[in-house]
Structure formats: C-alpha cells, structure tokens
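Please go over the structures that come below.
Two complexes follow with chain A in common, the first pairing it with chain B and the second with chain C.
Let's look at the complex of A and B:
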C-alpha cells in the first residue's frame, strides 16, 4: 500500500510541473525546429525568441469555453480526455527518476505496455462520445492503427526481455553493460521506432488526426481546455516513448555519464521523433496496415526466433 | 533493388531534413524587414508641382482612365472644356493630374509620355497602397506630391529624374532592414 508521505506529494507536484514544462518547451522546440527545416523562423514574437509562445497558447486554451456538442454524450465527452491524460501521468509514475520511483515494481515494463494498450479503448470512447463523423472515422482509424502496431511493439520488446530475463527496466538496462541493444538487436530497434511513432500518432503515422482529410480526427470536437489536456497527454506520451527508446535500446543510465547521459539520450530520441515528423509524409490506411501486418509483424517474429536461437546456443 | 532504393532515400531524407535545421530562414519579417525593391519597379505615382506644365497628356494616354486633371486650389475636376470653363480664368495652366489607384494598372504610360525633364509624373517604389475606404484610393495631386513622403525618400526621388530605363534584374532574397 502506498504511503502518502511528504516526499510522495512533493514528487507528484514536481512530476506534474515536469510534464507541463516538457510539453510546453518540447512543443516550442518542435515548432522552432520544424520551422527551421522549412526555412521559416517559427514563433519569435511572444517573449524573447518566442520562449513564452506555448505559455500564451496554454492561457488561450484555458480561457475558452467548456464547449460540449449538442448530441454528444456529456459525461463520456468530459471524462475521456481527462482519463487519457491520467493514463499518460500513470505511465510517468512507473518510470524511475534517478533512484526514486513512485511505484516500484518488478514488472514495470509489462505494466507500461498494459497501460499503453488501454489507450485505444479510451480513444474509441472519446470518438464515440463526440458523435461526429470526423471523430468516428478518426477514432476507428486510431484504434485499427494502434492495434496493428501494438503487436509490433510487443514483438520488438520480447527479445530484450528474453535476453535480459526480466520485465524490469533497471535489469534490462543492466543487461546492456557490454553493448547496447540497439546494436545487438537492430531489427528490434527499427520495429520499436515504427511502433512507437504509430502508437503516439505522430507525423508519418498521424492518420487518426489527418488534418487535410479529417479536420482533427478524433480530436475534432474537443476544444479549448479539453484539447490542451489531450495535447499535454500526447507530449507526455512522446516523453515516455523517448524514455523507453533510451532505456531499452541506448543503454539507459548505465554508461559512464550516468543520468546526464541518459537525459541526453532521451533528448536525442525526442529529436528523432521531431525530425521524422518534419520529413516523412503520411501513409494511406491500407498501406499502413499492410506495412504492419505483412512486413513488420513477420519481421518481428523472425527477429524474435533468431535472437532466441542465438541466446540459447550461447548459453 | 527497388525496395533498397526506397529504404536508401527514406534514410537519406531524414538527414537532409536534419541538415536543413542549420539553414538560414528565407522569411522576410515584413513590418520589421523589407524586401529590396528592384530598379524600374512600377509602384505608386509621384506628381511634381514644380515641373508640371498641365498638358494633360497623361490623362489622355491613360488606358484605364485612372488619371483626372484637378485644379489644385479649389480641388475641382478639370477634365473637359465645360469643367474648365467653370474655373477662374487662367486655371487651365495650373491643372495637375490626380490618380485613382482603384483603376490604375501601373503600366507607366503616363510617365513615358510626360514631356518635361525631370518627369512630372513618375512611378516610384511605393507599394503600401492599402486604404480603409474605397474613396481613399482616389488621390488628388496634393496627395501624390513628394512633400507628403518622408524627407529622405522625397530627396531620393527628386534626385532621380526618371526610372523608365531597362530595369536591372535584381529581384533577390537580400533583405534590407
């Protein structure tokens, strides 16, 4: 049972602050970098070098009305975005913070995967509750996409779990003492990158919110505060994705640089996601599903079997 | 082979995009920065009262009838003989062209046909022409005189006699702050 002492409460406040700041400043960095890639400036006007732009955006979002569409399911409409963000924060609480972790578990990787697997249900609820054609198409797309790529995510993590013999993040990191899993398991790394981008619904796989077709996909009816909350959740998911990328494949905090090196790795992961957002174009839904079921899933199985063979012959 | 090519370009494009982060932005932040206007640019007309001889050739040559002759003292139109007859005697020699920018197509015929040296009506690099009302686009000659412009600009215009020459191709990305 969790004991609510003062450190937990302070930690929770700091965690929330970190979530907000990460969302604000990685969002700003994303806009700046993508602007530069497009030969633009990005935001420059609000504050020095546009540093307060996302703060201004947040204030603007919060000033707006709590608008619920006429035929929407009121309760579900209000609850679903909050619950989505809650899931993201729950993910954050399972990740270790230095030597401190909110919820210590032997199976934290498994629990994280379980929580990620919950998100399509809530997205479907959100899309159903908003009762609009764009939302429903976007929601169905989100669910098909996430279901297709969750398998890929699990298949990419399976070999790591078999090699390190544990579901805990710390042990997977300590198993990478000699070499990073990025080099010993390159295909798993590739699968993980694709799967994570698809699950966080970021740019090359952003079919659920394809602006040119579906307004904002399943986010269409969510305005103002709801949208801000969902955006916060999505940026926290981005953080979790980069955290897992750095922890599972880039050696985590194991190397000589410790936690600073780990922070740099997480930042590099974020940069990879941002640049791939600026570079690649959106796929069609059938191409997306073909790519998952016909290419990535068989590749994942083959990679898994191969790494099993290598592990058991070396034992 | 075809798939290998796709994979190659898939990876290459990532690094191309990453390289572009260090490129200078091409944006011209308009109210702060202004683009360099090339020579021979045909913008708004400038009318000089000291050289104009009231010949009204600009009014006759204007293909869209954007130019009207005005009597500067009273502000009355003085296009037709009937309108001139209502003016005080000797007003014919004091008429000056005014331009309706709602009609003007910036062809530069008026400047070309102007017989005086320096040209009394000339198209200069003035491009901020927006007004609040439609009426505001009809400019009497006083509005177009160089006195209404900032001093440096006016001196520059008065120093250059005309700009109807073969324009130099120098439309570039250069910025002038």
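Let's look at the complex of A and C:
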C-alpha cells in the first residue's frame, strides 16, 4: 500500500517532469534522426540547434481551442485521451528506479501487462466517442491489432518468467547475471520486439493511424490539447517499451556499468524503434494479423515449450 | 440485405492525404473491406479545351502546361509539334534533339515524383524524400535553361526559346550518371524490400484484356503485358532515330507497374546520356519565327517580331498528333477554320483513361490496397479534369 508522504509527492512531480522531458526530447531526437535519414535537417530554427522546437510545439498545442466535434460524446471524448495518458503514467510508476519504486510489488511485470491490456478498451472508447467513420475504422484496427499482439507479448515474456521463477522485474534482471536473455531466448526477443512495435502502434505496424489510408485513424478528431496529451502518452509508452526491452532482454542494470549501462540500453531500444520507423513500409491489416496468429503465436508456443523443456532438464 | 446495412459509405477526399490532389472517392466499406469505390472528378476542371478556343495559339501554351503540371514538357512539345505540323515548319535537328532529351529527363522527373507519392501511400516518407532529393538536380537543370521549375514554356514554333551550352550538356550527363547510382538505393527501399513486395504483388491485377478494354495507356498498359509505346509506334522529334527499348511486364499488378516505371527511368537515363553526347551543332530556330531566337536579342523582342508570333494563324484544316507522356498516350486534335484561334482543340489525357480502370480494380479489396492501387495508376488531376 502506497503511503502518501512527501517523498512520494516529490517523486511523482519528478516522474511527471521526466515523462514530459523524455517525450519532448526523444520526440525531438526522433525528428532530427529521421530528418537525417531523409537527408534533411529536421527542426533547426527554434532555439540553438532547434532544441526548443518541442517546447514551441507544446505551447502551440495548448493554445489551440478545446474543440469537441458536434456529434461526439462529449464526456468520453474529453476523458478518453486523458485516461489513456494516465495509463501510460501508471505504467511508468510501476517501473523501478533503482531501489525506489512508487508501487512496490512482486508482480510488477504482471501488473504492467494488465495495464497494457486495458489500452484497447480506451482506444475503442475514444474512437466511439469521436463518432467519425475514419476514427471508428482506426479504432477497430487498433483493437484487433493490439489484441493480436498482446498474446505474442505474453508468450514472449512467459519463458523468462519460468526461467527466473518470478514476475518481478528485479528478479528477472538478476536472473540474467550470466548471460542476457536476448542470447539465451532469441526467439522470445524477436517476438517481444514485434509485439511491442505493434502495441505502441509504431511503423511498420502503425495501421491504426495510417495517414494515407485513414487520415489519422482513431486520432482523427483529436486536435490541439487532446492530441498533445495522446502524443505524450505515446512517447511514454515508447519509454516503457524500451525500458522493458532493456530490462527483460538486455540484462537490465546488472553488469559492470550499472545504471549508466542501463540508460544506454534503453536509449538503444529507442533507436531501434526510431530507425524501424524510417525504414519499413506499412503492412496491411490482414497481413499483420496473419503474421501474428499464423506465425508469431505458434512460434511463441513452440519457443515456450522448448524453453520449458530446457529449464526442466537442466534442473 | 442485412449484410448491406452494415456497409458504410465514406467520402475519401478531396482533402484526404492519399488522393494526390483533388479526387473524391465514394467508398463503400465494411470494416476494412472495400466493396466499391466510385471516383468523382472535376474539382480541378478549368475548361482547357474552351480556353484554347478563346485564345491565340501562342497564348494557350501557358494554360496547357498547367494541365499535367508534373510533366509539362511532354504537352508543351506535343502542342508545338502540332503547330509546326500545321504551319509546315521543319525544326532544326538540334532543336529536335534537345526537345527529345528534355522529354526524357522529364520522364525521369515525373516517375520520381510518382515513386515519392507511391511511397507515401504505402506509409514510408523516406522514399518520398529520397525521390525528391534525386529529382532536385534535374529540376535545377530545367530551371537553368528555361527559367521555370515546373512550367517551362521552352519550345517556340520553329524551335526553342534558348540554346543550351556544351557545359550544360556535360552537367546533364553527370546528373544522370549520379541518378543511376542513386536509383539503386531507391530500389533497395522499394522493389527489393519484402514488405513493399507483400504490399504490391498481386494487388490490383489488371489483365491484358481488361487493360485494353478500359483504354489505359502508358506504364499501366505495359505492366499488363501490352508492348505499346507511342515513342515506338508513332514517333516524332528524334524518337524515330533512337534505339528505344519498350519495357513490359506480364503480371499487371501494382508491383509490375512499379517495376516498369523504374526500368523506364533507367532506359530514359540511357537515352538522355546518348542524346546529350550526340546533339548535332546548328541553329535552334528555323522557319518564319526565327527572328524571335534569343541570339537576335534585342531585335527578337521588337514589336514587329512579337506581333508576328502572337498573330500566328493556321490555315483551314485538321491535324492530329500523339505522344508518349510519362503517364501514357497524350493526343491533340486540332481543327482550324483559319485565323489566329483554333475552332476546336481536343486534348486526350492518359490519367483520365487510367482512372477509368480504378473502380474495376478497387472492388473487393482492403482499404490499404485501394490506396496502393490508386497510387500505382499515377494520376495527375490537373490532367484528369483539364
């Protein structure tokens, strides 16, 4: 049970600041890096080297009108983006910060998966509340996609849980003392990577927001402050995804370099997501679902059984 | 009946990001499946054929180039060749060779713009920006000699507005050589990329019979296995003397169309290099309007010679000429009753005919496929609506 004392409050403020700054500067890095891949510069004008670009963007978003479409369900339309971002922050609060964690739990990984499983419901609510055709198609796409890849996510994490014998992130990290799970469980690593890109709706699995097909998908009607809030949530999800990637497969903060090494690993994870965004074409929905149900899910089961076998024979 | 009630009608465009300009598609969807797509055109209709009847021959040229704003050279040269045919002017070989060369550079530029837009349709802005990057040197070369980046007004009845230097031609060769190198990067991103292949192979298959029935032309027709190219079958300018390879594919899908266009870019690059090396020396203007050639400046701008060009009148008669633009067969039919304005000028645009095949192809596909099919047809709406 969390006790509301002063450290918790200060921690919460710092965490929010971190979330905002991470979103702002990883967003800027993404734009800069993708700009370079596109052979252009990215933002250069606002502040030195364009460093204040995201601040300017945030101010612009906040200045815009709180526009709610006439036929939208007003309450749900306003609440759903906020709640979606709240979920991202909730995820953030379960991630350990060294010895400090907001909510200490032996089952933090399980809880994180549970929170992730909530997001399609809210996306569906957001799409429904917008009452627009593009939004509803995008919302349905998002839900089918996330449901298809949540299974893959669970299957990729299960072997790790069995090997380390715990649902706690710290335990899983300490189980990687000798070798990283990326090497001992390469298939689980791949499954995790695909699943995470699909769940965070990033390219090449950005179908729910496919610009050339659905304008902005389920985000179409959300403008100004709503969009800024959703974007913040998405970048925090990116952080959570990279954090989990580094913690579950790249040895976490174990090893010689400790927390600095961990930060580098998280950053490497972010780079993987950014570069995949600039390199691949978008897949089609049926191809995406086929890829999950017909290839990744069976592969996940096979991998799970195989690792079970290995774990029990080595015991 | 119940099944049909579940279907939703969506208006795709005219402000939709994937309709490249101003097309409105009335799409009937259920979930992600498209049951029918009906194109509604006319948002960019400016009445070119009527404008032509209201203007003197030379005054119509600027309007004409705003039709297909992606490949203005093709229309420009076709119109000039038609006027020259009607007036009986034989243009100098140097002018013909430069026009041909510019046409082929224009083909590369136009196909690059298409590749850019197609990449964007399939969800990859990198291809978009890389194509624009490769397009830039050619646009700069156009700008240098004609003064315009998209609209050129380079041809004159009887020749060209301005001559090109040897140095310029060398730079064209260098630019093309660099482009050929860079094209492999674009190929690695598109035709050799597995997701691109998955998204385009077997999508929007237009059979040979359907292609001929719908009257599609250009790369779309050639991707369906018909080896028809006006540059080969009804050539003018320097095309009869060129050793031109007509590129065809038999699959008829979006991937085949991509391949045909990429191979055509390579073929055009080869032709441009050949033409730039072998352009004959000589004047660039001939016939009654040669006083307006740039080397006779300032006399070329005198009131007398301007009046002569503006007063250009064509004797009574009927002429027809066609040409292969990057998008397909363009044709003009001119009927004159004598005097400085045409009685009727009919423009035949390939984009319009290619759009005709669209609703046939988009039936019972996915939304993503529909966007890919629309992109693969290479439509320019200035040309569709005219």
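Throughout what follows, the second predicted complex is superposed on the first by the 314 of 315 C-alpha atoms of A that agree within 3 Å, B and C clash if a C-alpha of one lies under 4 Å from a C-alpha of the other, contacts with A are read in each partner's own complex, and residues count from 1 in each chain.
One rule holds for everything that comes next: contacts are C-beta pairs under 8 Å (C-beta built on N, C-alpha and C of every residue); 3 or more make two chains touch, one makes a residue touch a chain.
Being a predicted model, the structure only gives us computed values, none of them experimental.
Look at chain A after the overlay: chain B and chain C clash there. In the superposition on chain A, A:278 contacts both chain B and chain C.
Taking chain B and chain C in turn and counting the residues of chain A each one touches, the greater count comes from C. When the two complexes are overlaid on their common chain A, residue A:33 makes contact with chain B while staying clear of chain C. Contacts of A:213 after superposition: chain C is touched, whereas chain B is not reached.
In the overlay built on the shared chain, the residue A:56 is in contact with neither chain B nor chain C. By the touch criterion defined above, A:141 reaches chain C but does not reach chain B.
Once the two complexes are laid over each other on the shared chain, residue contacts for A:203 go to chain C alone; chain B is not touched.
Looking at the shared chain after the overlay, A:117 reaches neither chain B nor chain C. Touch criterion met: A:41 reaches chain B, while chain C stays clear of it. In the three-chain superposition, chain B clashes with chain C only at 163-171, the remaining stretches of 37-45, 163-171, 199-207 or 325-333 being clear. When the two complexes are laid over each other on chain A, chain A has residues 37-40, 278-280 in contact with both chain B and chain C.
Residues 34, 37-40, 133-134, 137, 140-141, 203-204, 206-207, 210-215, 278-287 of chain A are the ones that touch chain C when the two sit in their complex. Chain contact summary for the complex, chain C toward chain A: residues 8, 10, 16-18, 29, 31-32, 119-126, 129-130, 133, 189, 193, 195-196, 198-199, 366-369, 371. The touching residues of chain B, counted against chain A in their complex, run 10, 13-14, 16-18, 20-27, 29.
Those residues of chain A that touch chain B in the shared complex are 33, 35-41, 44, 275-276, 278-280.
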